[in-house]
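Please see the structure below; I have some questions.
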Amino acid sequence: MLTKMEAGRAVVEAKTRLGLTWQKLADVLDAPLAWTTAALLGQHPMSAEQAEAAASVLELGPDVVEALRAQPSRGALEDAVPTDPTIYRFYEVLQVYGPTIKELIHEKFGDGIMSAINFKLDVDRREDPGGERVVVTLDGKFLKYQWG
Amino acid sequence: MLTKMEAGRAVVEAKTRLGLTWQKLADVLDAPLAWTTAALLGQHPMSAEQAEAAASVLELGPDVVEALRAQPSRGALEDAVPTDPTIYRFYEVLQVYGPTIKELIHEKFGDGIMSAINFKLDVDRREDPGGERVVVTLDGKFLKYQWG
Amino acid sequence: MLTKMEAGRAVVEAKTRLGLTWQKLADVLDAPLAWTTAALLGQHPMSAEQAEAAASVLELGPDVVEALRAQPSRGALEDAVPTDPTIYRFYEVLQVYGPTIKELIHEKFGDGIMSAINFKLDVDRREDPGGERVVVTLDGKFLKYQWG
Amino acid sequence: MLTKMEAGRAVVEAKTRLGLTWQKLADVLDAPLAWTTAALLGQHPMSAEQAEAAASVLELGPDVVEALRAQPSRGALEDAVPTDPTIYRFYEVLQVYGPTIKELIHEKFGDGIMSAINFKLDVDRREDPGGERVVVTLDGKFLKYQWG
Amino acid sequence: MLTKMEAGRAVVEAKTRLGLTWQKLADVLDAPLAWTTAALLGQHPMSAEQAEAAASVLELGPDVVEALRAQPSRGALEDAVPTDPTIYRFYEVLQVYGPTIKELIHEKFGDGIMSAINFKLDVDRREDPGGERVVVTLDGKFLKYQWG
Amino acid sequence: MLTKMEAGRAVVEAKTRLGLTWQKLADVLDAPLAWTTAALLGQHPMSAEQAEAAASVLELGPDVVEALRAQPSRGALEDAVPTDPTIYRFYEVLQVYGPTIKELIHEKFGDGIMSAINFKLDVDRREDPGGERVVVTLDGKFLKYQWG
Amino acid sequence: MLTKMEAGRAVVEAKTRLGLTWQKLADVLDAPLAWTTAALLGQHPMSAEQAEAAASVLELGPDVVEALRAQPSRGALEDAVPTDPTIYRFYEVLQVYGPTIKELIHEKFGDGIMSAINFKLDVDRREDPGGERVVVTLDGKFLKYQWG
Amino acid sequence: MLTKMEAGRAVVEAKTRLGLTWQKLADVLDAPLAWTTAALLGQHPMSAEQAEAAASVLELGPDVVEALRAQPSRGALEDAVPTDPTIYRFYEVLQVYGPTIKELIHEKFGDGIMSAINFKLDVDRREDPGGERVVVTLDGKFLKYQWG
Amino acid sequence: MLTKMEAGRAVVEAKTRLGLTWQKLADVLDAPLAWTTAALLGQHPMSAEQAEAAASVLELGPDVVEALRAQPSRGALEDAVPTDPTIYRFYEVLQVYGPTIKELIHEKFGDGIMSAINFKLDVDRREDPGGERVVVTLDGKFLKYQWG
Amino acid sequence: MLTKMEAGRAVVEAKTRLGLTWQKLADVLDAPLAWTTAALLGQHPMSAEQAEAAASVLELGPDVVEALRAQPSRGALEDAVPTDPTIYRFYEVLQVYGPTIKELIHEKFGDGIMSAINFKLDVDRREDPGGERVVVTLDGKFLKYQWG
């Protein structure tokens, strides 16, 4: 059986070879774009229907289907501090603005956290006179510290 | 002279003692909320006017003014992997969705990154039938890999 | 102003000097025992009333009150892997049984986590013919992975 | 010969393919659920009878039997700080409540530890008006510091 | 499919076997020398034409072409602190002169950074009475800290 | 006696308070700009004349003079991987281009290194239609691997 | 109040100044030598009588008494891998012979551990024709892996 | 050729399959038990006679013989801090009692170390009313710090 | 193609099998002993003649020749702190005497370093009444800190 | 009481202020140069006579005398991998030549180590047509692996 990581690499390879896009794959699955990408990269389990639909359009076999359905052990970074510049910038945001985000969550909501489980994210493109911008929206349920 | 870290602690203390909010401080400075918070926590340099206005409403002295104006050496996390749960969830988002965000930036923009320098962020509250939600928007200029 | 860590040390010192117990302090605050202990060690913010009641019985001053009320930056271990044997055993449980707990949560609840925010814990003593036993109960809301 | 880790992966794969559950496997072995899961994941040695009974229902061969019987070198986390969110929450509990648990063990038992060897754990599901809850019970013999 | 790392090793091997140079390969691609080297080592994606031209002169097959075209996950050091002396000296420059470079960028440009994305570098040889010198020029666009 | 680190902080503070620049300080010392900055930040020892001239224009006392003259234990980064974005970009250059620089040094010079001891650097500003650019030139003697 | 670490340093200092030995201190306390040393270095809590007797012979004050009585947070090494050669050799023994000791415990006792809680140690001197030898005896109760 | 690590795994496997014990193997080699175990696990080189005698009783081939004879690069722990509980307890002993052992060596012998090279160890079983005990004896030559 | 590491392992294996010594190999190459050993272990590139002469006497094939000639990426330790006792002692020398060596280089030469590039080393055996001694001589060109 | 580290800093400061050299201090003590330097930097204990003689010529007080006499906890590097270039080069020697030294010790002496306890070192200056050279001689007793 393939690991979910290996299945993810097979997905990226097939997607490139066939000239597919993550958007096309999300359309096939009728699922949100970022969720679809994360699931195909091995960070979420897929239902049997989703896994089969994805494997079919990617022309991949039953071992990939099985891997896409499996429960993941999550965590996609190779190092605690990522080295790839595209990913590192988000770590840098955390380094520079982490305590700022914490202060503002506490000011607007009280003592608690943004859930990363009841959570969704979007990556959008916004045109701007100063040049196009990447807009990443993190949207998670507020969970209040609550004793029992 | 105070370090910017020490000035930041003095700011938090005075803000709590005086019953101020980050929003009130941002209003006084007529500056964006998250920028104001980050600057007062020591991650951005302030202009003389901003530093004096902030120190005045916080009833803090000239050493804090001087520290708020100084050029920061940025980086606000005590450990490479943050331990505070409110901040950790954002690290977890990076662990689970980092490669997803990377894939989508490349699909939508090509080879490059979201700038963390020409960048702004917002922390918002959205009401939802399932409970209020934290919405953090990261908005940075796309920078294309370009040789010289 | 004291940090919450320093306030916690002052609490432990006063508690020892006055011959108090965590149970007695929890009774004074009319709050759960483990929550009270964690809050007095600096891992939860207290209300003004709680902080003043605790400081009063501990014969501590207003700087401790202020620190006990402050929002914590959580994380109480000095090292990523704890060295104290009483705490290490719980890390060892995680090393040996972490994936077991994960498998059983997934089998009994589906894909998700036990919340550490909507959460309580108890430390109990159970008599047993083989010798008394420590029973630690971790009780957190199940949070299902849910996209938005 | 398979390592215990490889045998554990073969077990999870077979269990998924055959639609079995850890509970079913525990019933077959007539052993506690969490112990069975841990042993099949490679953290405890099994007796010949147990290993053969498990392999038989999982339709696995003698190399798995041999691996399940072998003495483990324990430790199941890939990193000192786990990245998988379901497991991380327990590390977070340790970060936030580790010293609290230590204080309460000392208050209720004196100077010593909860054994992680003479030890059992349960993962239970409790219905609650606020939503179902994960209840993990750690139950270990108290060991008093004792010189010789 | 080969990873970009494996393709890079195949490139180095073929280049050595065929007695080629990075300069020769850059001439074939009509691309800057350092960019060509970095791309062939797997740190930049190549266009189809470039990848095919490079593979052709290196007498390598279509799997290398495919790998050279793929989007990289960048980061070429095996350890956070490099051990190879030729590379380490640049880390040492950062250890000794990092804050100096930072001060001078701030003095000459204001608060901001040198882009490593809109960036090029050259490695040159300069004759000098005291012996030949390595001259490495890092040339990146200045990015000013700018809120949104 | 002050450490060189403490003297460096006193220098930065005085320089800011007096409205001086690193260039002005370099002119006073009649020394290269980057060397002056590095020496005043504590990474090079100064001669008695240099230390006194610098302290005089910075209006600092004999303890700073003594510290500026002392032999440094070099190394100016707080962490092995720097967190400040202005410095981090140079670490990123090393991550992405380290092996490229190594390959080109070996191609142009043979087996050896660029010295970081017989070495100088410049930070320059270059106007460009696409926006001003930071140009950092590293210039070190080539040292050939040579057995004795 | 002194920390136990600070009290330990005060003990070592007084012991040296007064020309005392650990053996003499153990005799005063009528306690085992190694236990006495460990307790005075802050790794075990002392009874009121022991702490007062020790402080009295060491001519130290009530703050040391209080610190010696306090419950320790154990862990006496400054780094995960000790640098002091006298201590390092024991880490080296663990590196070279750790799995050997594990195999022999399992062969002689079955699946379990040597307790480090119900435990004592001795450091002895043995004369030998080849030169005097250090003999360290670790003596802990065998704890069998036992589910509940 | 097998590495010594691979040979060690082959030894453990054969020993289990054939129902042998480390004691039996030591008897065959007429060598001390712990030395034999360490050597068969790859931490000491064996003579040709020993390697052949061991391979013969373990029914292993000439590649194992060759590996057992080879000079080891010693170090048997997978992590700097071991995770296996049976081995960890010895690390814990070092964490809690390391400085105690150091103090007692210096008190009894002067400035120096216990050799880990001119060294032997034993793992024994001692019956005790309170339960059987593991007794590990470390016995190394005292080496005095001596300049040349 | 073999990596230089793999070629190094093949060299050690062949040398053992054929009963050769490093000295014999150095004689064949007519090169210094330590240089020869380092080069055959993969830390220096060999000329075609050297590589072929070495492979010939070691009865190894053209893939080893090619690997021995390749430019190395240097760094031979598996961990930042070596675990093998024979190598560790040199790390310990650095831990205990590093600043001593630095002070003496500065006293005897001024501000600078011993080159590790224009460098040779010898490992010698010296008879001594107190027992034979290992004498390692490190001999590198002094490089003075020199700006440009 | 001063720590040995603090005493070492006081020694360096006084030595600089009084224009003394390590050689002069060694002459005063009639002790080897490197030993004297190491002892004054806190890595060896001094006799009462040596400590008093050193303090006298350095014009330092009885607290320094007491610290110089105390038993050290050895280890003088701030980081596991040193950052100072003068010290780093020796770490680099270990990275590049560590296994070479190990091979040659085994070839010339058999299985064992160079003692770092029965050990001395010298730092010498050798004139050479190619420029002056630093010669560091490490000279330690060979210790053979010997079981008991």
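By letter and in written order, the chains are A, B, C, D, E, F, G, H, I and J; residue numbering begins at 1 in each of them.
By our rule, contacts are C-beta pairs under 8 Å (C-beta built on N, C-alpha and C of every residue); 3 or more make two chains touch, one makes a residue touch a chain.
Nothing here was measured: the structure is a model prediction, and the numbers come from that model.
The chains touching chain I as well as chain J are E, F, G, H. Against reference pair H-I, the listed pairs I-J, A-B or C-G yield one interface repeat, C-G (criterion: more than half of contact pairs the same by residue number). The most distant chain from chain E, with centres taken as the mean of CA atoms, is G.
Inter-chain centre distance (chain D to chain I, centres taken as mean C-alpha positions): 47 Å. Rounded to a whole number, the gap between the C-alpha centres of chain G and chain J is 29 angstrom. If each chain is reduced to the centroid of its CA atoms, chain G and chain I end up 41 Å from each other. In chain F, the positions touching at least two other chains are 73-75, 77, 80-86, 92, 95-96, 99, 102, 106, 112-113, 115-119, 139.
Taken as a contact graph, with one node per protein chain and an edge wherever two chains touch, the assembly fits none of the named shapes, being neither a line, a ring, a star nor a complete graph. Two chains count as a pair here when they touch; such pairs are A-B, A-C, A-D, A-E, A-F, B-C, B-D, B-E, B-F, C-D, C-G, C-H, D-G, D-H, E-F, E-I, E-J, F-I, F-J, G-H, G-I, G-J, H-I, H-J, I-J. Taken together, the chain G residues at the contact with chain J in this complex read 13, 16-17, 79, 81-86.
Every residue of chain I that touches chain J in the complex is listed here, in rising order: 21-23, 33-34, 37-38, 41, 43, 74-77, 80-82, 84-87, 89-109, 112-116, 118-119, 121, 123-126, 128, 130-142. For chain A in complex with chain D, the residues that touch the partner chain are 1, 66, 69-70, 72-75, 77, 80, 116-117.
Chain contact summary for the complex, chain I toward chain G: residues 81, 83, 85, 88, 92, 95-96.
Taken in their complex, chain A has these residues touching chain C: 32, 35, 44-45, 71, 73, 99, 102, 106, 111-113, 115, 117-120, 139, 143-148.
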